[in-house]
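Below is the structure I would like to discuss, written out as structure tokens.
Going by the order they are written in, the chains are A, B and C; count residues from 1 in each one.
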Amino acid sequence: MSWVIFAIVFWAMGYWANYKLANGAHSQSRLVKLAVPVIFGVTIIAVWEGLVRGLNVPHVILPPPSSIAERFASSLDILWVDFVQTFVKGALSGYLIGCGSAFIIAVLIDRSPFLQRGLLPVGNFIAALPIVGTAPILVMWFGFDWQSKAAVVVAMVFFPMLVNTVQGLAATDKMQRDLMATYSASYWQSLFKLRLPAAMPAVFNGLKIATTLALIGAIVAEFFGSPIKGMGFRISTEVGKLGLDMVWAEISVAALAGSAFYGVVAIIEKGVTFWHPSQRG
Amino acid sequence: MRSILPILAVVSAIVLLWYGAAVSMNSKWAQDQAKRADVELSFSELVADTWSQERPRLPAPHQVVSELWKSTGEMALKGRAFSKRSLIFHGWITLSATMLGFVIGTGAGILLAVGIVHYRVMDMSVMPWAIASQTIPILAIAPMIIVVLNSIGVQGLVPKAIISAYLSFFPVVVGMVKGLRSPSMDQLDLLRTYSAGVNATFWKLRLPSSMPYLFTSLKIGMAASLVGAIVGELPTGAIRGLGARMLTGSYYGQTIQIWSALFAAAILAAVLVGIIGLIERSTLKRMGMSQ
Amino acid sequence: MNDSPVIEAKNLDLTFETNDGPVHALKGVDLTINKGDFVSFIGPSGCGKTTFLRVIAALEHPTGGTITVNGMSPDEARRQRAYGYVFQAAGLYPWRTIRDNIRLPLEIMGFPKAEQDAQIDRVLDLVELRGFGKKFPWQLSGGMQQRASIARALAFDADLLLMDEPFGALDEIVRDHLNEQLLQLWGSTNKTIGFVTHSIPEAVYLSTKIVVMSPRPGRITDVIESTLPRERPLDIRDTPEFLEIAHRVREGLRAGHAYDDE
């Protein structure tokens, strides 16, 4: 019972603190903007811990954060192996291959408005489909190991990246292209000096979307078959064993990996597109 | 409409490449069979064989289409549309979970967005998490949710719907917040000169301005809900639904079954997003906001 | 004033085919521009002044009549990099510093690196932006960005400068200042300048020749040779001579129905 009271009190305190901060004098400062969501997150975890323990929720249904943390700390080696298998070998390689080829193909079809008019609608259509469904087929072709997972990732990231890059290359306005014409610039000069730099914001938008898709693709593909390692594999087997604290530990790794991956791409974006209004705040 | 020709060209090219790939990928099996029977295959016999195997590595387009027809239209004509082998049946299972989840997720998302736009506390505490959650592979939670809910007796439709709801929730929140905040300062100031309250501002300005953003989020949310429902059918070895169909197909090596289920899912996704698109076009046209 | 023609247009026609039928952007345009002229084109929207400038720049192609630039076709002149073009918006690349923006045409045209830097310094001085080379465009005001755009057009020493309402987006005080600077620049470099504007005082203040145009079809209504001296302080805009020329311009616009309702 005391746990439940703890949860309620913590919630009240957290809410009061955030209310004061959000409506107070310094609500626009960077510190406060960081503190409020952090307090919110910590409050959720504390309430979670309190309610699960206080209401005696069975740990196989919903483990408290403390036991998840314990499992996390004691399984670092397994978590690391799973991480390497799924993220490094599956998601990352698929990401690089998929985004790289999409970028190159977008540049290649740049010279053909006919191809663009055909590929763009088809690409948009394919990007909206449940591509994860191709996982069993790709497992059949590429085997159980990380190659099929990378293949699923390539299938998932290729079309969104292609569509974004093509849109980016079209982002220059007529005036800029006229200016290039007055210099009698060649197609390649115009491409490298004007259109590629101008395309970077859209390209990075695609790269950021692709980071999420890559991780999802790699994990879900493992639900369809995998050697005895990998985050998706671990999740589905531990779920079968009702070892939910391990599942949550894997999910935490996935969450960390996902946000870190996105964060790295966002940092690179800030460097490359420093000039764009969205980066200048 | 001048896009019709290029689209047709691209699609025909894809179909042609597909047929060619089917020949090259299925030929090994065909050659092995022929060697066992001590028979030499001519080229045209090889091609014909690779396009009509029972468990091909890569089914030819017409094989997929005919299987699709056999398990949908043909069955419907025989009055067995909802038998266990019909893709209409499986599609319906997946669709109902998708729709339920989509409605819940969208409704909750819009409500949360309204809260975020009007209450500072919610904005500063929840919004960063909503944005951050888009970088987290939420789909990885699917098996857990299914199993946990099953163990407390909630089975079948609802757990899948919850996954779908969760997947459509965040895109809708982020999109709606952007939309509700899209009116310019000038617009908001004008309403203030009329002494319009928060309610009036919401219904007369914010909500109408958010329509384009809402529809974009709906399309993303719909596609995500469908994927969620499909993935939700995987963990417990479900036997009903399009995802289940793909899973059983992969267990028993029935590749044509996998492909036809995948195509059925794709068609379902296209139809659902297309319907939203149609509603979008007519709504925006009536509001004079069509591009 | 020299009498060698830089631009010669004879009976120039340009008709666009649009969804709403053909648009006669230019009809029967006869005009000669000599070396060292400062020619303004003034008229309401749709009178063809921008179109004519673009034809000179080989950004549009006429459907009838002839036009030569430096004695050759506009396309040939463009290939020989005979002119610098200044658009209404500065159009600087936000990912390049001001220096590197000015460097852009020099890179494309293959100037050697040492010469590039020398040219950049020279034109930065001409437009009085000396200390701002390392800044990015969004760190500069609108007027300064437009000056940088002009510097870019001057960087490769083309004898012909084509300017399409370059000061249109700026406030009047900045505009006055830039007008003065442009005249000084013209005086010291002796370039031939084609200048499109909406503003009567600007056209009269800057030009040696004013071409009044009117729409539907786009045509020349009047060509006025200015009697004002080459050296002009801003105060000259209050003199009777100035007002007389401005009056003549206004009459030309009225004759071309510029002041009628649509």
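Operating definition for what follows: contacts are C-beta pairs under 8 Å (C-beta built on N, C-alpha and C of every residue); 3 or more make two chains touch, one makes a residue touch a chain.
All of these numbers come straight from a predicted model, not from anything done at the bench.
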So, comparing each chain's Cα centre against the centre of all protein Cα atoms, which one is closest? A
More C-beta contacts across A-C or across A-B? A-B
Rounded to the nearest whole Å, what is the centre-to-centre distance of subunit B and subunit C, using the mean of the C-alpha atoms as each centre? 55
Chain centres from averaged Cα atoms put subunit A and subunit C apart, in whole Å, by 50
Need the CA-centroid distance for the pair subunit A / subunit B, whole Å please. 19
If we count contacts the way the header does, which residues on subunit B are in touch with subunit A in the complex? 2-3, 5-11, 14, 25, 57, 120-121, 123-129, 132, 134-144, 146-148, 151-152, 219, 223, 226-227, 230-231, 234-235, 242-243, 246-247, 249-250, 255, 258-259, 261-262, 265-266, 269-270, 273
In the complex formed with subunit C, which residues of subunit A make contact? 175-176, 178-185, 189, 193-194, 197-198, 273-277, 280
Residue ranges of subunit A in contact with subunit B within the complex: 15, 18-19, 21-23, 27, 32-33, 36-37, 39-41, 60-62, 114-119, 121-122, 125, 128-130, 132-134, 136-137, 139-141, 211-212, 215-216, 219-220, 223-225, 231-232, 235-236, 239-240, 242, 244, 247-248, 250-251, 254-255, 258-259, 261-263
Subunit A contact footprint on subunit C (complex, rising order): 57-59, 78-79, 81, 83-85, 87, 89, 91, 93-95, 104-105, 107-109, 136, 138
